Amino acid sequence: MLDTTEPTETLLEVNNIEVIYNHVILVLKGVSLSVPKGGITALLGGNGAGKTTTLKAISNLLHSERGEVTKGSISYRNAPVADLNPSALVKKGVIQVMEGRHCFEHLTIEENLMTGAYTRGAGRGEIAKDLEMVYEYFPRLRERRKSQAGYTSGGEQQMCAIGRALMSRPETVLLDEPSMGLAPQLVEEIFGIVKDLNEREGVSFLLAEQNTNVALRFAHYGYILESGRVVMDGPADELRENPDVKEFYLGMSDDGRKSFRDVRSYRRRKRWLS
Amino acid sequence: MFYREAGEFKTTYAKDQQTFPIALDRWGYFITLALAFLAVPFFINDYWANAVVLPFLIYVIAALGLNILTGYCGQVSLGTGGFMAVGAYASYKLMTAFPDLNIVFVILLSGGITALVGMLFGLPSLRIKGFYLAVATLAAQFFLVWLFNKVPWFYNYSASGQISAPERTLFGQAVTGANAVPAISYLFCLVFVVVLAWAARNLTRGANGRKWMAIRDMDIAAEIIGVNPLKTKLTAFGVSSFYIGVSGALLFAVYLGAAEVGEAFGINKSFLVLFMIIIGGLGSIFGSFAGAAFMVLMPVLLKNIMVGQFGFPTDIAAHFEFVIVGGLIVVFLIVEPHGLAMLWRIAKEKLRLWPFPH
Amino acid sequence: MSAGFYFGVEVFLNGLMAGVMYSLVALGFVLIFKASGIFNYAQGVMALFAALTLVGFQSGQIPFAHLINAVFGTELHHFGWKMPTILALIFTLMVMILFAFLVEKFILKHLVNQEPIILFMATIGLAYFMEGFGDLMWGSEIKKLDIGIPQGGNFWLEEKTATLGGDGFYGFYLDNLDIWATVCAIILVASLVVFSQYTKTGRALRAVADDHQAALSVGISLRAIWVIVWSIAGFVALIAGIMWGSKSGVQFSLSLIALKALPVLMLGGFTSIPGAIIGGLIIGVGEKMFEFLIGAPFLGGATENWFAYMLALLFLVFRPQGLFGEKIIERV
Amino acid sequence: MNTQSYVTADGRTIGPAVMEMKNITLRFGGVVAIKDISFDIRQGEIRAIIGPNGAGKSSMLNVMNGFYHPQEGEVMFHGTKRRAMRPHQIAHQGIARTFQNIALFKGMSTLDNIMTGRLTHMKSGLLRQMVWWGASERDEVKNREVVEKIIDFLEIQAIRKTPVGRLPYGLQKRVELARALAAEPKLLLLDEPMAGMNVEEKEDMSRFILDVNDEFGTTIALIEHDMGVVMDIADRVVVMDYGKKIGDGTPEEVRTNQNVIDAYLGVAHD
Amino acid sequence: DLVFPSLSYRTGPYAANGIPFADGYEDYFTLVNARDGGIGGVPARVVKCETGYNTEKGVECYESTKGEGALVYQPLSTGITYQLIPKATADGIPVHSMGYGRTSAANGKVFSNIFNYPANYWNGASLAVNHILDENGGDIKGKKIALLYHNSAYGKEPIRTLEELAKKHGYDLSLLAVDHPGQEQKSQWLQIRREKPDYVLMWGWGVMNQVAIQEAANIRFPMDNFIGVWWSGSEVDVVPAGEGANGYKALAMHAVGDDFPVFDDLRKYVVDAGTAAGAGDQLGTVLYNRGMYAAMLAVEAAKTAQALHGVAEINPAQMRDGMEALEMTEAKMAALGMPGFGPEFTVTCENHGGPGLGAVQQWNATDKTWSLISDYGPSDMEVIGKLIMEDSSAFAAENNISESCN
């Protein structure tokens, strides 16, 4: 486990970036963060805070959405990533699991997983072994391996997307909302897997998550993003104790967990409308 | 800040739903209309009318029609040429069979007949989707062209199979035939364009338009929400074909004066109109105008520049025209896949922010 | 059996052959659609361009001669040499690969993640461009294409079968060119099927067709995939261009063969390589038999164009994704 | 069968069954998505469906609104057997839903999206709409008023004119809810309405759901993975696992059901 | 100056046919200017406009050139001709559709401004039948003749005439339509192979010609029984089929080859001066000659008009009169360096179509040359004249035109 007191090598460094979509919509207004080697870093924040955008900026996927980084810099292992294409980045060990699954509908689950190994020059044997590993992690996938991904349930697709990323044997995984739509048991499992990979194989994670509760339980360090700015950051356990975080992100009031039935008044904190 | 939206508040929903919610736009619209009706007729000559303005107006109607079907309802059609042919032949048959029928009715009836044919060919759209449908509409294109070519009844058994528009008058002025004055033909088409564009706008902003767009964006979800897909698609095919039929009738009767089905209404026509709506902007009334203007003006302009100004040999100029038009289409799509209408919108957005971006 | 029956068989066989010729064009469509979800309208023009280039190389034409002459007042036409066919083929292939690079660089790259119709329109733009460009480069006169493929009826077959149907029948007529085309098509289809189903690149190619963004995210280089696919499509276009060009001379109209390939595509399914060939056979036989049995005797002929589309339409009503196309996934 | 009405602790009246699923079996080729499941939904209640991924929950909603046709079993609506119908006909009977993978109409603004929810209520014909003035405009304004109320209710006034494609995920979900509400349905089906939201947003969403139920008396069936939410707001819960029903009852009963704990919850939730 | 627009198509599917024609048309005017200093001392000016064989572009071309004082239009496309018939008539500009366009326009009493001398499609059909009659000693009863035609207005033109002639001569006519563009003609040629017609006539255009000739060679149809109309008989049509095309015949309304003094002049004044419209290597080819012939007729008509009205700078109306009074004699042609280049004829108000004389040419694949194998023979005006009257009076009735000659 990572020792937070010891200075470690920084893998990924995001420096004050600004992102604009469609030439007019300014979404990120100066976001900085860093991901240490071997750490799990969480990126928290409400809807539309810009988590996905940040991750896409890192993995250079913005282009295809008509977005661009207009200011600031991103570097991986101290080398700028701005002019690498996504596939070069994957080769360097950075892979993103996209929000909303994005499985290849017409490919079978197994073929989906195999595409994850696309950038590796690995032989058949090695790939078969990794495939086995993914099936170990997600037994449900093994059952559905011959069906087209388009016909699998939401959760199965999520597993498939994560498994696919693992097939590239990454060094850093950018995980966008891994828990979305997953059954609680599976959420625990997936985070367990994240932790496992992190500890045993030293894979670093940057994960964007809405489920603050779980995220902060597994992460080492967290950033909280609101309307395109980092408003708070700190080690995970400190964040967990912060009263604001408790109130707004963990749903805890002073006397334990509130019931959803009891929240009677609407809040007027529409950050996303600013 | 030259262009502002701010400071205008709507007090009723009806006001909020008007076509040009911004005063500046509204005035621009009225001025354009006034110019079109009151000024242009006095300046128009044969060349402008026949080379630019008439085809522009007529293609606007076709583009509106196709935009309803493809841009709003999401059903890509490559049968436009065939449907225009239906309009043209219907108007020819009506004109020759009922010489006393008012030309306005002739045109409208031709549209109606085309609407029926369009709905017939729209039936498979319930099952066939996307590009499969696009290719399937070619069946209509080829079949209709074959039919009008093959069955002599459609061209009144003339030796060559060409149809020629006899002279018809409106308020004592010839609108079709050789003696039509450009200003009159122009006004005649303009009235159709204005009325039909206005109707299209109304159709697309209300319940119907939403049904169409819902089918376009996600047909399954639309059906689950309560949109009857067959009925909706058929209305789209019907309305769209009506427009296309009217435009085909005008193209033949007012603009060309004579036509042969394979040449005037071949597959190239289908592509031409499709170009117009894509370049102009799918799902946009303004886009239909912009796209038609672009596709009509561009070649004329290029020709005049290359041959007129630089003295290129005509064939090299024509080859370059292909290269340039093709290249421009690609460039446009890259710069703004949603067409001129979107470019215009973004320009306005920028203008609104100017001089303080963000 | 009566002569009429054997004539029917003959029409049937020729329908099959014609179908193969359509399939050659349809194959190019399928490849590109499978790999990028792009409905490449320019496939026909690519066939034209490939054939033009081949003839140009073979006969030692100077590219853009017409343009150069017009601008500089020179009188250039030919280099004065003739290139051996094999060499010309290799050079043409290289030009098609270069073309694939350029298409990727100037068009596809900028249209990642766009809606299919936009991509479709872009290929129409490309088709226009190539048409003008091809004319500028090689001139618009009709050229004879001959790379040594035999043409004309196959006498051997004709003689062997001449006695089948009595006096009224003179043996089956099959065009040698068509027989060659069939051989080419079979080899092409077999190798392409293997390529797309069983290789890593083939898998990546199908992945790209499904979801550009996701493909990018797992590190598939769209660029590489597209260049590969368009190069292969260019190769297929060259073969189609050779076959059709040998028949009619190389000229502008060659690009219109795309229209004959569309019903084939629709019937076989946009995404199926075997579908392209089987669709071709069905369309070929269907339209020829219809013309033979109904079109020519009762409808005044020339029914083939629309009948092919109608036939495909009919099939689609029962199978909206074509005979072999991937099922359209409809879920909420 | 439950025919007796009763009043809940917080004063809502729960009536007789609105919809009953009887021995539903649904297969896709070899995959059995739903295996012989029966349960009912009562007037005015909030009915949750939970279960692990791939259990067949979404498929169940699809059966309810007629998108899937089960091979066996029948659906009773208001006490009578529902004949085979197309989904749009079912929508006209007053069933609306939201989708697991957002199914908004991407090319339209928020307002237009919500207005599509009113389509089942809008009547003016094609010609009238062409002319616009008069009947069509009145119809439009009348329905717009209903929609504006919903917009106010869900607090999405500021994004009325924004194309939905540009909205962040959570807001899209909310717009989807608004669209379903606009239909003023008798039965509202929600497929994971709170996926991808943080606690604060879930609170808001829960609030909306409760209020819809409360104010309009809408019956709600919802699928949700957040057990906290389910336990708090549902009146009764069905638990599915691999297409089978493994539990059905009040949240309290379900939570302590050992089968449910094994298959789904993992640990007993607080 | 005297303006002669050249509506050419050097692009599109028919470019290969359009280019040599346009070159010939333009070069002749260049020659007249360079050699004779213009027409009656007034230089001729050619205004070029590319139509791409597209009717709408044709309209644009017409409108953009008519303002320059265009004297006569040679639209070079049946579709465009039909479009211009009412427009040009209203504008008072004559149209010369030589060997194409609306056949019944030969009736000058209805179509005052349209001319289609020296021969039209119906003449063509009759000429082809006459040729067959000649070959068979005047008796073709029971012979089978097939017409392979482009399935368009153009291709359907000869059908009526051939049907009428079939009644008269007792041959069996079968019709084979080929759809645009005509790349695939398997069905038609299998049918021909099956039915073994004695003769095949062809009204084809563009790629259809090349494919048909190739297919005919493939099924070993006797090529000298295969006769095309004049638009199906140029070098580009036969060259792609190679040896197989040897013996193929086509109709002709003018001479072939470059064995005329006028070509020496063209080489001297135009090609060598570097002012040729094309590369200068097309002289003597069928379509080049046709373009040149059309230009020559225009120039002669202009000269006639100048003489008639006594002015050098004629206007379109005067040009029309010149065309209506045109007389082509052997002496005139010889003086122009074109002895026997075309038939002799005179144009009158009643007859804008000339006498309908035509010849037959045949292809020699070894020498790659066409040669005329008959004289300019007459066509069956008895049958054709009736058809022309029928069709033109129908047009007159539909359009409220009263027949007259001024």
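Think of it as A, B, C, D and E in the order they're written, each chain with its own count starting at 1.
Note that contacts are C-beta pairs under 8 Å (C-beta built on N, C-alpha and C of every residue); 3 or more make two chains touch, one makes a residue touch a chain.
Chain identities (UniProt): A, D = ABC transporter ATP-binding protein; B, C = Branched-chain amino acid ABC transporter permease.
Given the structure is predicted, the values throughout are model-derived calculations rather than measurements.
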item: Minimal step count in the chain contact network, subunit A to subunit D; value: 1
item: Chain labels contacting subunit C and also subunit D; value: A, B
item: Far-end chain from subunit D, centres as C-alpha averages; value: E
item: Whole-Å gap separating subunit A and subunit E, where each centre is the average of the chain's CA atoms; value: 74
item: Subunit B and subunit C, separation of their C-alpha mean positions in angstrom; value: 32
item: Geometric centre distance via CA averages, subunit E-subunit C, whole Å; value: 35
item: Where subunit A and subunit B are represented by their mean Cα positions, the distance between them in whole Å; value: 48
item: Overlap residues in subunit E, where contacts from two or more other chains coincide; value: 10-11, 15, 19, 151, 179
item: Numbers and ranges of subunit B residues touching at least 2 other chains; value: 146, 150, 220-221, 224, 313, 315, 318-319, 322
item: Subunit A, residues touching no fewer than two other chains; value: 151
item: Subunit B residues within the subunit D interface of the complex; value: 12-14, 17, 199, 202-203, 206-208, 210-211, 213-214, 216-218, 220-229, 235, 239, 283
item: Residues of subunit C touching subunit B in the complex; value: 39, 66-67, 70, 106-107, 110-111, 114-118, 120-122, 124-133, 135-136, 140, 259, 262-263, 265-266, 270, 299-300, 302-303, 305-306, 309-310, 312-313, 316-317, 320-322, 328, 330-332
item: Residues of subunit E that touch subunit B when the two form their complex; value: 8, 10-11, 15, 19, 48-50, 52, 54-57, 59-60, 62-64, 66-67, 78-79, 82-83, 85-87, 89-90, 102-104, 151-154, 156-157, 160, 179-180, 387, 391, 394-395, 398-400
item: Partner subunit B, residues of subunit A touching it in the complex; value: 22-24, 26
item: Residues of subunit A touching subunit D in the complex; value: 21, 25, 44-49, 99-100, 140, 144, 147, 151-156, 158-159, 177, 180-188, 210-213, 248-251, 257-261, 263-264, 266-267, 269-270, 272-273
